[in-house]
Structures are given as C-alpha cells and as structure tokens.
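These notes open a run of structures that come right after.
In the two assemblies presented below, subunit A is common to both, partnered first by subunit B and then by subunit C.
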Partner chain A sequence: MVTYIIRRLIWAVVMLSIVSIITFGIFFLVPRLAGATPEDLAARYVGRTATEQQVKLAAEQLGFNDPLIVQYGRFAKGIVAGADYNNGPSVEHCPAPCFGYSFRTRLPVWPDLLDRLPVTISLAIGAAVIWVIAGVATGVVSALRRGSFFDRAAMGVALAGVSLPIFFTGMVSLVLFSYGLHITAPGNVYTPFLTNPLTWAYDLLLPWITLAFLYAANYARLTRAGMLETMNEDYIRTARAKGLAERTVVLKHGLRGALTPILTIFGLDFGLLLGGAVLTESTYSLPGIGKYAIDAIGYQDLPQVMGVVLVAAFFVVFANLVVDLLYAVVDPRVRLV
Partner chain B sequence: MQKTTRLGVAALGALLTLGLAACGGGSGSSTPSSSGGGTAAGGTGTFNAALTGVVDPSDKKGGILKFANAGDWDSLDPGDTYYGYSWNFIRLYGRSLVMFKSAVGKEGNELTPDLAEGLGTPSDDAKTWTYKLKAGIKFEDGTPVTSKDVKYGVERSFDKEVFPDGYTYFNDFLNWPKDYKGAYKSKGVNTDSAIETPDDQTIVFHLKQPLSNFDYFAQLPATIPVPADKDTGAKYKEHVIATGPYMFKTNEIGKGFSLVRNPNWDPATDPNRKALPDGYEVSTNVNADDIDNRILAGDLDVDIAGTGAQPAALGRILPDPTIKANTDNPTGTRLWYTSINGNVPPLDNIDCRKAVEYAADKTTLQTAWGGEFAGGQIATSLLPPAIPGHEDFNTYPPGADNKGDLTKAKEALTACGQPNGFETNISYRAERPKEKAAAEALQQSLGRVGIKLTLKPFPQADYFALYAGKPGYAKDNKLGLAMNGWQSDWPDGFGFLQQIVDSRVIRDTGGSSNVSVRDPEVDKLIDQAMEQTDANARNAIWTQIDKKVMDDAYILPNVWAKALLIRSKNASNVFVNDAYGMYDYLGMGVK
Partner chain C sequence: MSFLELKDLRIHFPTDDGLVKSVDGLSFSLERGKTLGIVGESGSGKSVTSLGILGLHKGGRAQIGGEIWLDGEELVAADAEHVRTLRGKKMAMIFQDPLSAMHPFYTVGAQIIEAYRIHNDVSKKVARKHAIEMLGRVGIPQPDRRVDSYPHEFSGGMRQRAMIAMALSCDPELLIADEPTTALDVTVQAQILDLMRDLQRDFNAALIIITHDLGVVAELSDDILVMYGGKCVEYGTAEDIFERPEHPYTWGLLGSMPRLDRERTERLLPIKGSPPSLINVPSGCAFHPRCVFEDRTAGKGSSLVPELVETEGGHLVRCHLPRDQRRSIWENEIKPNLEAS
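Up next is the complex of A and B:
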C-alpha cells in the first residue's frame, strides 16, 4: 500500500511537470511559431501606451529573448525556489511556489490562488454532499421502482438537470429566491467558514443547489443504470435466498457493487471542481478559482492562467489518487500493489 | 414498499427541503444596501430625469453606497489608471490640481480648481503653466501636501514598465531631460526642465510645445499627490494614500474594497465635494447580469462601469414604463466607427472611400451596436454632441430612412474606376460580438453596390499592436476597413480627436488607434488648435478638423454610444455628468 502511494505520488509529480511543460509551450512556444516576437509578448506587460524602446527593454528584462528552454527553467525554478521581481522603487521576492506575477494586477499569482481556494473548496464540498446524497438516493429508488411514476418523473427531472446550463438555472434562481422571495443570499457574497459557519452555509446554499442539480441528475442516471445491472447479478439472488433483509441486500450488496463506477466519476468531477467551478462561480460572482480562471482568460493574463491550469491539474491528479485508494475500501476484490 | 417510496420522495426532494430548511438560518452577508428606504424601481421617477437635473436632491449625510464592477479597475493607483469610471470615482479619494465640476450635464464639463487655488496661469506662449496650491490640504496621515508631492506623482507615472495602464500625455508633452526614465530608474536626475517647484505651494510645468488647454492635463489623476516615502511602486495601488474625503479601509485586488471617511480631509479647502455617504463598498468581477438584477432589487446602488444595462435587463426595463422611468439614457463621448484605410487599394482613391460612406446603412449599424437605447445615436460626424466643437452636419446624407444613398455610392464607384464594386477585408475584435455584428451589417449594406467585404477577426489584446493598427500588416493583408472605437479622454476636441486623426501618432510598429487618417492639413490644424488660447476659436478649429476628416472619407462614423443606466433606489443626488457620460459618483448620497 505504502509503496503504491509513493509510486503514485512520483507519477503525480511527473504528470504535473508534463502539464507545466505543455502549458508553458501553449503560451510561449505556440505564439512564437505563429510569428510573435519577444516584443509582442512583452507588450502585454507594459501596456498599449509604451514606446517601442520601453517594450524592447521590457522584453529583455523579462527574459523573452532567451531560448525557450531557459525561460521554462526560470519558470520551474520560480515554482521550486521562488523569484525576484522589480516593482519600481524596490525588488520584491516572490517566495516558492512562485507562479510569477500577473501582468494585469502586478500581484504574485500563488497568494491569489491560495486566497481563492477556500471559496472553491467550500462550493465543491457542499455541492458534492448534496449531489451524492440526492443523486445516488434517487438512482437507487428509481432502479428499485423501475417503470414507476417516480422512476419516470425522477429521470425526467434528471434529464432537465443535465440539459439546463448553470448560468441559466443560477440566474433564474437568484432572481426568484434571492431578489424575489428574499430567502437566499444574493450573488457576490461569501463568508469564510471559520468566521461564521451558518452564514457560510446560507451564502453558499443557492450555488450548492444549482451546482448539485446538474451533477445529481447525472449521478441519478448512472446509479440507476448501475443498480439495475447489479440487482440482476447472481450474488444478489444468493443474498436474498439467504434470507437477508431487502434493505441489507440493496444497500450492502447492490449499492456497493454499483458504487465503483460512481466513485470513478466522482473523483474526476470533484477534482475538476476543485480546479474551479467556472460557470457557478461566474454566475454567483464567487471569488473562487473558477472565477479567477475565467477573468484571467478574459484579460489574457498568462501567468494567472498557467497558475490555474497547474492547480487544476494537481487536484485532478490528487483526486484520482484518492479514488484509486478508495476502490480498495469499496470493492474487496481490489488490491493496491 | 411504502417505506421505500417515502425514501425516494425524500431523496428527490432533498435539494428543495435542504434549501427551505436553511432559508430560515441567518441573514448572511446580504444586508440591504444603504440606509433609508427609497422609491422602488418604477416608483416616482421620470425617464432621463438625471440628464437635466438632480434626482432626489438631498444633503443628508450617512449611509453606505454599494458599487459593483463587472470587470476590475486597471489600477486604483492615480498614476496608472485610464478608465473613465475610474477617473470619475478617483475624486472620492484623490485630489488633482484641477477637476471637472460635480454638476449636471454640460456644466460637468467645466474645469474647476481642486488642489490648486485657481486654473493654470499660462506664460511663454502657453509653453509654461503655473499652479498655486491651496494651504491646509493634508494626506490621510495628516502630513501636509506640497507641490513636491504633486511633482513626484507625475514623475513616477512616467515609468510605463511599472505603470503600464496610464496615458502618456505628460511623457510626451513635458520637457523632460534627455533619456529620462521616471522617478525610479532616473532617481536623483534634475527634472526642473519639465516641472519646477519653487516653493511648497507652487508648481510650474514646462512643455516642449505650446498647449493652450493644459488645464485638461492638470485634471488627470497623475497630478494627485503621492508621498515619496510611502510610494511602493506597483504595489501602491493596494493602499493609495488619500487626499480626498475618503480613504481605503480594505482593499482586496480582484475582489473589491471599501472606503471610509478620511479624518484629515478638510471641507474648508474643498468646495467641490459634499462627501455625503459615510463610506463605499465596492465589489469587482461581479456577474454583469447579476449587477443589473441587484440594482433593480435595491440590493446594490451603482454599476460602476457606467456602460449600461445588459441585454437581459434591457428586456425587462424597456417594455415596462414603470421600471424605465427610473433609468437614464445619456449619449456618451464615445464614437463607434469604421476606419477606412487609404493605404489599401482601391481605398487609396477618395471616391472609393466615399462609396463606402454613401452605401452604409446606418440603421443596421445602429441595431448591430445594440439599438437606440443600448447601442447609440446614429453618428454623422466624429465629435460627439457633448464635446464643445460638435456641429450637426452630414457630409454623406444616407437618405431620409438612413439606409444609405445607393445612387451616390454607385456614382462614387464609377468615379474611382470600380463601377462594379471591389473586394476588401474588414477587421474586428474577435471578443466583441457587437463589432462583429457591425462588420456583418456593413458587409450586407456595402454588398448592395458590389463592395464585397471579407470578415477578419483578430484578438483584441493585439488588435492595434499587431494587426489593424500595424500599417504594414494592414496593407499586406488588405484590411481596407477596420472596426474601431474611441472615447474622449476629456470633453474637448484635443481629448477626442488628437489620438485618432493626427497622422503623427501612427507608428510603423503598430499600437495606434489612428489606423486610417493621414492628412498633413489635419495635422497642421491640430497644431493650430493646440496653440489657440481662445476657447471659441479653438473649438471652431476642432469643427474644421471634423469636417476635413469627413471630406477625406477616412472614417465612417457608426454611432455615438449610449447606455441605459439604472437609477439606484437608495441613492440621493443622482445626476449624469457629461464629462464622464455616466452618473457623477462624487455627488451621490444615501436617501
């Protein structure tokens, strides 16, 4: 088990390094191949009103004239050892892991990401709890009552949940529940959990439900399909023949068997969400990683985009590792070697 | 069986029950905006009332005004900000040498002294400008403001590496020492050739050339004083040292900030500011549709960008007279236009350019830009109506229905030797759907006379630097037409016209907003206007330039931008200031 985890962690580091190389290449190699000069890249850092001489100086100082491998080495060194930046009257040290400075806000990217992470984690955890409970429960009941009114209604709602985009359900929910009925918090509010857990939950309730609606729908359909397949297995018949209570048969034998694919999907979904629930955070103006990402893309702020990509990649890799470990818990046939 | 049914229903309803159960818990941070009641949207207001008068006038002090921004400031640093709303808002925490009056409509275009005792005194044929500072003005920490703090503020703004967002007016016009690089890189260099401070209350600007309207430069945020010992360069925007009635309490870049009263602001030195609210809460990067909904619901007071309601909200506001009654629809100082590049054949022939002018359907262009309320007023010349020097004229009458004069267009095509039309490309910024729609509208309307346009989208970040604004690229790639837009830096002919019609701002390396106007006569007229100290005579020259550019057919005006602003339920003293084309943020109070 320990060997397995160490091996996976090493692979995670290798994977993140590959992601960083690809990301760096997309932002710095591809533009060069398309004909962009070091001055074109530097122009973003000095604004539209800079003179040609100022742009050239900036390109030199930012190291855009160096070979790409040197530039990547500098970027990677910043992540592991930090880097120094000139902010005008003084030179400032950006401690490791330094993902560079945003050329729009002139602030280091890493503290920004750390600052926004609790919002995204709060959103993801709350929504995940709701969607797993609601989705799996609905899926189980639908499978057990296949063809019933409940089954048809639940799957209809699930189809709507998968089909309706979050920016639509989010906006409608805000107008209806926050600005019409005044029973939920408006957009653009977030209270840290440690400041006031109740307010934290109240502020995030609507985003949680909106996000969970999308995922719960998917999980209900997946669980239903899994349960239908599992409940026809021989070992379920054996369990019933042994005289086990139906609840035990369903929850301990049936659901457990159907959970493995759910767990796989959950790992991916949850990891991706930790990397930023872009639409939900944008709709509700929550200052999380997703909103940060979409703003960074809008402003073409490369250091910020690269930071987000690497953080998102980290969470996907990490979540998959956790899911693989959980396989052994859910399915006794799985052994981690 | 019944048990499982109940379980299923409970599971299906989990989201709703969870939601309802939690609804009763706590008021969260959704405190109602401001204090006081205020009329609901659709209450007692009148459409466009804030264009000509003060809505809900009051001198009541107290309360908090809530602002939100769909984007973010370029910078809160006075030396590094170039957004119109930022110049409007910055007056709350910073005082420049002179400022625009906090007044309704055109009166807001007038300059009035702020830090200075009076407007500038010109000498040496308007190449030297002197200002005397008022006594008793202090920074938020109680330190007296001196002319040296103003000089330092201008000097530090010179450095475009540290402050890339600002303008270059001071860099370009002041007589800086050779190779000067700003307060940081040229520390200790004597800059008296550009700015002198003979005593703590006097500041003298020396220009390279006569400039009759330097007072407009003196209202720029870069003349807001910065204490050198508190300057943190690129990080100064995290805590700007206030001289205005408010100072920063919190500031989280990318999220928002709050302002509270500045105890060291002395109203006796400041007749321009009422400072009614106790403070301001500003959120940034907020969903634009949500901003509209919150203002309509009374949860928020101002969309700070001042660019108007989003299409979703327009759909609610315009059909409902009661909601519409609490909105205002000012025409701003922005022109959306199409540059006609005379470097790209056959548009090097003036008659071919005229054919474009005549064939354009102004009604479809207006629709493309967003229509009558959110798009703009059909433009027939360059200078917007709010700018002195504007004159109503139409060099290329598009017919009574504004759909273009196809007969005249065909005559012009024949005169330029292209009787069956010609082919060229039209560029636009890919991220801007309205520019694309306008380009498509032109494609349709010019196609009626055989002018075939091919649409060429480019990324907006590099639009001027690498594509439409780079003369070599534009010519090689036959970008005969380019969608463009310009907002006046300040409401006078120089602020509006110089950057878009002076051929000397065009650089081979790209980056200029002027991508088409190359007329030495226009350049000469600009020089004459800059030397003319009589305002009326100067405005007449700007009118002349406007007509000359239209005669040359280098620019096809589309619309003068309009925005539908939603009036807050909670704010008092609401009025539109023409200098900014949006609500005046200095005058507002809380009901």
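Up next is the complex of A and C:
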C-alpha cells in the first residue's frame, strides 16, 4: 500500500513534468518553429511603444536567446525553487512556485491563482454535492421503476441536461431567477466562505445548480445503468432471500455494487472542475481559475496561461490518484500493487 | 397437514412473446427431517418453484396461483411483508454459484452477521460470535480469522460452506438448496453433500435439493420429484425412481448419467432434442416430441395432456403409456441397457 502510494506519487511528478514540457513546448518551441524570433516573443513583454533597442534588451534579459533546454530549465527551476528576475536597477525574487509575471498586470502569477482558487473550489464542491445526491438518487429511482413515468421523465430531463450548454442554461436561469423572480444572486459576486457562509451559499446557489444540472444528468444515467445491472446480480437475490427489507437490499447491496464506476467518473470530473469551471465562471462572472484562464487567453498572457494549465493538470493527476486509492477502499477485490 | 405442502402451484410470467408457464400445477408435500430432490433440465421450473416458495416472485410481474402451506400458514395469498419476515428465519436458501451469490464488497462474516441480525435482536458482537460458530460448524478452519475474509479470498468449496453457514444462521426449518454443488469441483461436491446431510440431521430441517444431477439426489433424497416443462412428470421415493422408474423422461435422465460401472465403449443414452419452450408448450404431453415411445400411445401423446396418476403406493407418473407396458419397457428395454454388461 505505502509502496503503491509512493510509486503513484512519483508517477504524478513525472506526469506533471511531461505536461510542463508540452506546455512549454507549445508556447516557446512552436512559435520558434513557426519563425518567431526571440524579439517577437519579448515584444509581448515590453508594450507597443518600445523601441527596437528596448525589445532586444528585454529579449536578452528574459533569456529568450538561450537554447530552449536552458530556458525550460529556468522555467522548471522557477516552479520548484523560485526565480530571480533582474530588471536592471534591482533583482526581484519570485518565490516558488514561480510561474513568472503577467505581461499585463506585472504581478506574479501564483498569488493570483491562489486568490482565485477558493472561488473555483467553492463552486466545484457545492455543485458536486448537489449533482452526486440528485444524480444518484434519480438514477436509483429510475432503475427501480424502469419504464415508469418517472423514469421516462427523468431520463428526458437528463438528456436535456447533458445536451444543453452551460452558457444557455446559465443565461436562462439568470434571467428567470435572478432578474425575473429576484430569488438568487445576479452573478458577478462572490463572498468568501469565512466572511459569511450564508452569503457565500446565496451567491453561488445558481452557479451550483446550473453546473450540477449538467453533471447530475450524466450521473443519473450512469447510476441507472449500473443499478439495472447490479439489481440482477445473484447477490441481490441472496440479500432478498435473507429476509432483508427492500430498502436495505437496494441501498446497501445494490447501490454499493453500482458505485465503483460512478466514483471513477466523479474523480475525473471533480479534478477537471478544480482546474477551472470555464463556462460557469464566465457566465456568472465568478472570479475563479476558469475566468482567469479565459481572460489570460484573451490577452495572450503566456505566463498566466501556463500557470493555469499546470495547476489544472495538477488537480487532474491528483484526483486520479485519490480515485485509485479509493477504489481499493470501495472494492476489496482491487489490490494496490 | 404436512410441514410444507404445495397445492396446484402455478407461476406464470407474462412477456411480450406470451405467457411463460414456468410452473404449471405443481403439488407435493414434505415433512421436517425429510429430503425432497427436484430433478429436471434447465428451464423445467425447478428454480422458479424454489423462489416461489420463498415468496421472491411477490411484487414482480409473476402471476402466482395455487397454495403454499408452510407449517400451517398459507404463503401465496399472504402479505409480502409477512413472508419477508419468514425468509431467512423459517425458510432459507443456498444458491448455485456461491461466488456470485455473495456480495463481493462485504466480508463473509458481515454477510452472515447481517442475516442473523435481521431476525435476532442482538448486538453486533453477539452476532459475530454466532457467525464464527456457524463457520466452524460448516467446517471452515480458523473461523475466527476467516470471518473477516472476503468471498473472493475463499476457495469454491469454502464459499459454499460459508453460504450454507449463512443460510443456517437463523436455524431455518425449511432449507432449499438450488444446485448446491454444480459450480464446485467433483471432489468438493461430495464433501458439501456430506456436510448437508450431517447438518440436516442436526437441524432436523426439511430439505429441498434442486438439481439436474440424479447422482446428487441419489445421495441425499428420501423422495424425488421429476419436473418437465413446469409440471411434475414422476414422483416417488428414491427407490421408486432409481429401481422402478416409469416415465420415459426419467429413463432418459438415468441414461444420461455417467456411471463408472459401465463399459467404456458403451454410449450414454441421451435424451434427444432440447427442453420445450414454456410459451408454446407442445400440445398433449409436453414430452411427446422427444419421447422414444410416443408411437405406442395410439396418437394420444400429441393431443391429450396426461394426468398425474398413482401407479403404486405413492409413486405418481404422468404418462399415456399403460402401466404394464411402462413396466415391461423398463424391465426389458431400458434397464438392461443401463446396467453393466
């Protein structure tokens, strides 16, 4: 078990290194292959009014003339150990993990990301709680009343859920519930949990539900399929033959058996969401990682984009690891070796 | 009245293709301490019967008719919730494949404890002690350690022992074993059968063994019921069925049984054809399309449904052939072929 975790952690580091190499390659190798000079890259940092001389100097100072491998080494070292930037009159230290400075705001990327992380985490956790409970419950009831009106209706709604994009459901619900009925927050607001948990929940309620609707649909279908399968298993018949109440048979024996694939999907979904719920955050103007990413891409702010990509990759890799460990907890037949 | 009595039990399933008459007018009775073997091919209605006795078809799509009397109580018309309280306590079941019949995610102990605590208001600790005791009783070594093992950590024979321990944990008066040895190695089969015989004596339960293997019922049964197409075609004591069988289908089953005392060159005598569809049951005698002696029934085989008639002292046969003719066919045409030459 411990060796397994250690090996998986090493793998996680390797995975993240590969992701960082690919990201770095996309932003620095590909432009070079396409014919961009170090000066073209440096021009992004110095603004439009800079003279050719200034651009050259910036390219030199930023190390864009060095071989790519050296540049990547510097980038990686910045993340692991921090970096020092010489801006002429003084040397500025950027503590680890250093993803560099934004082109636009001239602020280091990492503290910005840290600022936005709570928003994304709040959004993801709240939505996840709603979609898991709603999705699994709907799936179970649908499976037990297969072919009933409830089943058909729920699966119809589920189909709508997976088909309708967030920017549509988000807009419609904003118009309906926030501007029409005035029962939810109008978006563009976020109150930290520690400041006021009630306002926090109120502000996030609509984004939670919108996001959960998308995922709950999928989970309802998954749960339904899983339950239909497990409820036909021999061990369900055994459970009934013991004289267990039907509720116990369904929840303790049936749902337990159907839970494994749901757990896998949940880990991936949740990990991805922590890297930024781009559409939801944009629709509701929530200052999270996703919104940050969209803005960064819009301004072609390379250090910000690279920071977001690596943080998102970290969450996905980490979520995968957690899922694999949980697998062994849920299914005793799984051996972690 | 006997401890268990079935009267004209009918279990039909409506499907898109028509009504499946899985069990169609089955009657028998069984006393405590006695063993009944129900024999038949797949799809003959054996398992449906056993699940029907336990009330596991209730609330489903099945149409159930007739009567099931258990210890003076009628179960077909009884409230489903009431039958549930009898399940596991008064009547219990052992299933064919213990690997798929036990929940893979719970320990063997947890599953026995669960079964015990449904019907006995005891603490987990007491139930656990009972589970360990039961595991020891069915011959599982180091039961205090194995109680915390998962089913996949047991061998096939051990799993079936654990399954038996679970079924017996509430001291049931009726035990139904559905193909209890089919999924096991031959060497283990004998051990499990021995165990079941010993336990039945200890618990003084009524035992129903459902199987397609006449060898299994030969070991254990007092009485044998041969099922075909949802109906009983022959019923009698084990001696009746093995020494004086009168139904062509029973002859076929006996002929399909591999025996060590037979010459190797001699072929088995399989029953030709395959089991009947339960939706379009053949007209007349359900067995007539496969019956070797159908031509001796003067055309009645395909037109008339034969009655289950007593031939001698509780030995019942459902066949158009006249009794004397059946006996002479058995003595002169079948028996010599089955015996070692």
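One rule holds for everything that comes next: the second predicted complex is superposed on the first by the 331 of 337 C-alpha atoms of A that agree within 3 Å, B and C clash if a C-alpha of one lies under 4 Å from a C-alpha of the other, contacts with A are read in each partner's own complex, and residues count from 1 in each chain.
Note that in this section a contact is a pair of C-beta atoms (placed from the backbone, for glycine too) under 8 Å apart; a residue touches a chain by one contact, two chains touch by 3 or more.
Predicted model, so just to flag it, every value in this text is computed and none were measured.
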Subunit C versus subunit B on the shared subunit A, clash or fit after superposition: fit
Subunit B versus subunit C as contact partner of A:137, first or second or both or neither: first
Which of subunit B and subunit C A:241 touches, first, second, both or neither: second
Where the C-alpha centre of subunit A sits as vertex, the angle toward subunit B and subunit C in the overlay (nearest 10 degrees): 150
First (subunit B), second (subunit C), both or neither touched by A:253: second
Greater residue coverage of subunit A in the superposed arrangement, subunit B or subunit C: B
Subunit B versus subunit C as contact partner of A:183, first or second or both or neither: first
First (subunit B), second (subunit C), both or neither touched by A:175: first
Distance of closest approach, subunit C and subunit B, by C-alpha atoms in Å: 10
Residue numbers on subunit A that touch subunit B, as the complex places them: 36, 40, 43-52, 54, 57-58, 61, 86-90, 92, 103-107, 112, 115, 130, 133-134, 137-138, 140-142, 144-145, 150, 153-154, 157, 171, 174-175, 177-179, 183-191, 196, 198-199, 201-203, 205-206, 209, 212-213, 216, 282-285, 287, 291-292, 295, 298, 300
Touching residues (chain side subunit B, partner subunit A) in the complex: 4-5, 7-12, 14-15, 18-20, 22-23, 25-30, 68, 71-72, 74, 82, 156, 159-162, 164-168, 184, 231-235, 237, 252-255, 283, 285-287, 289-290, 293-294, 296-297, 299, 312, 431, 459, 461-462, 464-466, 507, 509, 511
Interfacial residue positions of subunit A with respect to subunit C in the complex: 233-235, 237-245, 253, 256-257, 330-333
Touching residues (chain side subunit C, partner subunit A) in the complex: 51, 54, 56, 84-89, 92-93, 95, 97, 100-105, 107, 114-115, 118-119, 150, 152, 166
